[in-house]
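My structure is below; once you've seen it, I'll send some questions.
All chains are identified by letter, namely A, B, C and D, in their written order; residue positions are counted from 1 within each chain.
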Amino acid sequence: MVNVRIFVTYKESVFDPQGETITDAIHSLGFSNVKKVNVGKFFDLQIDSSDKKVEEVVKEVSEQLLVNFNLETYRYDVMEEA
Amino acid sequence: MVNVRIFVTYKESVFDPQGETITDAIHSLGFSNVKKVNVGKFFDLQIDSSDKKVEEVVKEVSEQLLVNFNLETYRYDVMEEA
Amino acid sequence: MAIKAEMSPKEIKETKPYIEWGLTEKEFDFISEQLLGRLPNYTETGLFSVMWSEHCSYKKSKPVLREFPNRSKRVLQGPGEGAGIVDIGDGQAVVFKAESHNHPSAVEPYEGAATGVGGIIRDIFSMGARPIAMLDSLHFGEVDNAHTRYLINEVVAGIGGYGNCMGIPTVGGETTFDECYTGNPLVNAMCVGIMDQNDMQKGRAKGVGNAVMYVGAKTGRDGIHGATFASADFADDKETQRSAVQVGDPFMEKLLMEACLELTGQHKDWLVGIQDMGAAGIVSSSCEMASKAGSGMELILDYVPQREPEMSAYEIMLSESQERMLLCIRAGFEEEVRSLFKDYGLEAVVIGRVTEGNDYVLKHKGEIVTNIPVSSLTEDVLEEPSEETNPERISVSEKLNNWVPDILDARETLGKMLAQPTVASKKIFTQTYDSQVRTSTVVGPGSDAAVLRIRGTKKGLAMTSDGNGRFVYLNPLIGGQIAVLEAAANLIASGALPLAMTDCLNYGDPNDPEIYWELHKSVLGMSEVCRVLNTPVISGNVSLYNENNGEAIYPTPMVGMVGLIKNINGYLTNTFRKSGAKVFLVGETFADFAGSEIQKMMTGKISGNLRSINVNSESEKFFKLLKAIELGIVDSAHDLSEGGLAVGLAESLFSSGLGLKANLTTMSSAFLFSETPGRFVVSVVPENVENFIELMKDDCTEIGEVTTNRKLQIKCQDTEFDFSVEEAQKVWEEAIPCLMKSKD
Amino acid sequence: MKIAVVVFPGSNCDVDLFEALHTVCQADVEYVSHKEKSLESFDAVMLPGGFSYGDYLRCGAIARFSNIMPAIVEFAKQGKPVFGTCNGFQILTEAGLLPGALKQNNSLKFVCKTVDLTVENTKTPFTSQYGEKEQISLPIAHADGSYYADQETLAKLEENHQIVFRYAGENPNGSLNDIAGITNEAGNVLGMMPHPERAVEALLGNEDGLRVFKSLLESGKNTIEEAAF
């Protein structure tokens, strides 16, 4: 078993209303030194590494399903073998 | 400036319908070797480190706002100085 | 697109980047030689290319749009503003318009649909009206492949995501499926608002020295060239379009709407004009406001709130960032406006002034980046005469005999018909829309038209959106007539007097003479019915170039219509209510199978020609029925459309707990599925039967009686069958959920 | 009895609550902005549905930091009636006035429809006019209505009769123990996902929610009479 964490974020130029609203909320709590908040999601996959190459699976799953390339990009980390 | 990434996930005991749905979708794409998917969100904060201690800010922001302890837990990484 | 990379006017002339932006060489030369007397610079070329796009200028469709009648005693504002306005009495008015977001939705279905909803809502509140309802009109490919299912899920989620968050109920619409929409789904949204007549606003910038104020979200690089993009055929080259994706922020729009309604409702003395920033963002809103008032305008782009660093003048002007409005504010009230918006957590910034004359001047970083006549962007657009030819398929089909179905087992055919996606229940989609928020929805999705009460009055509004591309494809003139008749029939069946209509004209590439012919003929057909029914066209939208890799969609005009219910307690739905009630068929049934659902189901395609319609007698019949409904002698009414009488009878029984014994011995079973337009199934309780027949005369035929046995029992010329209502409803309700779950 | 309907940025069922109270029940009701700090002149507070702060981050998570919140917390502490429907319920849990949390529906979709409910507790200021175990139906309209609390909390809710409404038949969102509405321990704070304010008029097809408001107004009469006595 291999654990992979896939990080999905908005592309640089894409407007992220959620991040803006959260930043405002943090400021109104008095944490004015928090300059910027970006929000992303991650997916932890447990993959049985026996047959196909793990990286290939991760790429295909991300590109076919997890990531919307109109707006998002992704990265992943292969973590410890479980 | 310090960059901090805060990871928020459902507690172990909380059912995550999104994780299940994504696992099913991955299987129906034919990737049967993906055994389990957990979904989480992360927040990237840019923090001006001059005045207050960064870790304190991160803890307070997380515990007051970003995390709902009824459902979720969190972890964070302090990343490179920008 | 950094500033330093901008080409010089000479380079622009030589390398012609404007062609990619949608401007033709002829137009470019006309602009340089006739309008400016010099070569336009980079920014100016950008402004021309978006303002002269079909989406903003209607240069191709304008001659056709002139066919639409747009006046009646009730019309307070016709086409030409954010939305049209109709008098509904008591000093109130209803405001509505429809908008297409087909191309953005094909590329990014969630955000495309969501920002389409956001845009049409801004059009309504920019008139000073409170939006009270949304409708949609969606056309997708067949539900047999994963990509179409993805589009459906995302589009529906986008519409709900935006409308639900805004607190505007989505109360109706339509969803159809046909192969021709596979690569180019149609996503049309309509918004209806209500207002006091003395709150009416216009998009006008007049009064030298008055302030031009920008309110709402910051400007980013999103959606640059969205307007030209909407006006050009697109191939499968996705890479370049990705930058055009705009993201909606319904929370921001909710704040913006409340702030604008406070301004238009309570501070009319501060406000000169207001317009939303839709397609082509700041440029279109500002130059249209100046143009309509005959003013000049000067804007300082450095003051435009910006989300991204280092934006060029070109980018600032062409950005289609969402949730922004442009105001013209009487000089001296800028501070008041700023503080009103600040109360809602919004920015309001003076970005320029109204000037004398006709100059449109933009300054950026201390330089004049644009100085052109306002009218060159708005008035001087070259109308493009288009050629028209009658497509061969039409002349061929005129000569052929029409197809008539051969029904072997009517019961089985009805069962299959109820499961056709275009006929089947759309609840799986509509229940993801909040259809009740604001607690005025008397009839939500599912009946012929949605019905809303108007608080504080006895009145109600009925509304519907309809389109049937199949009929228009087979015969644009008659198909256009049917589209308007169908919308009106929906309102009549709810007990409403049709007031006026809006439209989205969804067609292929107008440079193709056959497509232009389809556009022209169908508009003629629609216009004729509008005149007869006295339902002028008060607003609308044109979406051309709906093709994917060269294959055009069916010509699909969407008709959005609003009607007035005099006494809200007299509204009707399509559901039978009382056992013992007599059931009548209003209207005659002919062998109308061309373009019908049964033809599609049995032959896999549509073909044939449409029977011509006597619009006057249709109209007389409609108004007679409305009179009967208003007299309170009708218990339920349902207009017949896809699937014909058999489907209409079944639908009238769903969730009623009742049954029907129908005696149709003059009809062969094939005719159960004919789609002759302008027909209704109505139920009338026995004590009203005599009055009903007296009023309707030959236009009604008694066909049966409502029973308690929860069975649909039909006897026709050639056969006789029973269908358990419960079973029929199950088939009808489960068809789409089941298709949406399939895995291939 | 004077009732406050609190309006947060992004609230959108505020009109529905207001009209149910004002037009249908002829109650004395006022909108109160999230910016206010005091609820002094009011006898009951209602938090409407909608999408406060766009429901960005989590539903209700940002609204709980509004200016008005400390006054609501204080109001609740004094034992006065506080009611939240839909987003209002979410805000009350985020603010800690009610236990547990509301998660995304199991279907992952927004759902708007009418559901069947059982009234489980009629001894609250909001439900006295219903019968014990009465079956009613009310509309729901939410994407995040799946009630969650840990086992210990759930057991306590059951034991103290804090569960006021339960889904009967179909559970539309995956709520644990079919929970549709709960009170705090003292019973004066009620949060529920269904919308009683959408079911108060025959014209709109359902009047099952009317008694939530009638109960409250009735309870107000009692306390005022007691005070006079």
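Everything that follows uses one rule, which is that a residue touches a chain if its C-beta (ideal position, glycine included) is under 8 Å from a C-beta of that chain, and two chains touch if they have at least 3 such contacts.
This one's a predicted model, so the numbers in the text were calculated from it and none came from an experiment.
Two chain pairs are in question, A-D and A-C; the one with more C-beta pairs in contact is A-C. Put simply, the C-alpha centre of chain A and that of chain C have 37 angstrom between them.
Work out the mean CA point of chain B and of chain C, and you get 41 Å between them. Per-chain Cα centroids separate chain A from chain B by 9 Å. In chain C, 249, 251-252, 345 are the positions where the chain touches two or more neighbouring chains simultaneously. Across the assembly, chain A contributes 17, 21-22, 25, 29 as residues in contact with two or more other chains.
In chain D, the residues that reach two or more other chains under the touch definition are 53-54, 56-57, 62, 65.
Touching chain pairs in this entry, ordered by label, are A-B, A-C, A-D, B-D, C-D.
Listing the residues of chain D that touch chain C in their complex gives 9-13, 15-16, 19-20, 23, 49-51, 53-56, 109-113, 139, 141, 143, 195, 197-198, 200-201, 203-205.
Chain C makes touch with chain A in their complex at residues 107-108, 111, 217, 220-222, 242-243, 245-247, 249, 251-252, 307-308, 321, 345. Contact residues on chain A toward chain B in their complex (touch as defined above): 1, 7, 22, 25-26, 29, 31, 33-52, 57, 60-61, 64-66. Chain A contributes residues 13-17, 21, 24, 68-71 to its touches with chain C in the complex.
Considering their complex, residues 157, 160-161, 164-167, 249-252, 254-255, 344-345, 431-439, 441-442, 453, 455, 568-569 of chain C touch chain D.
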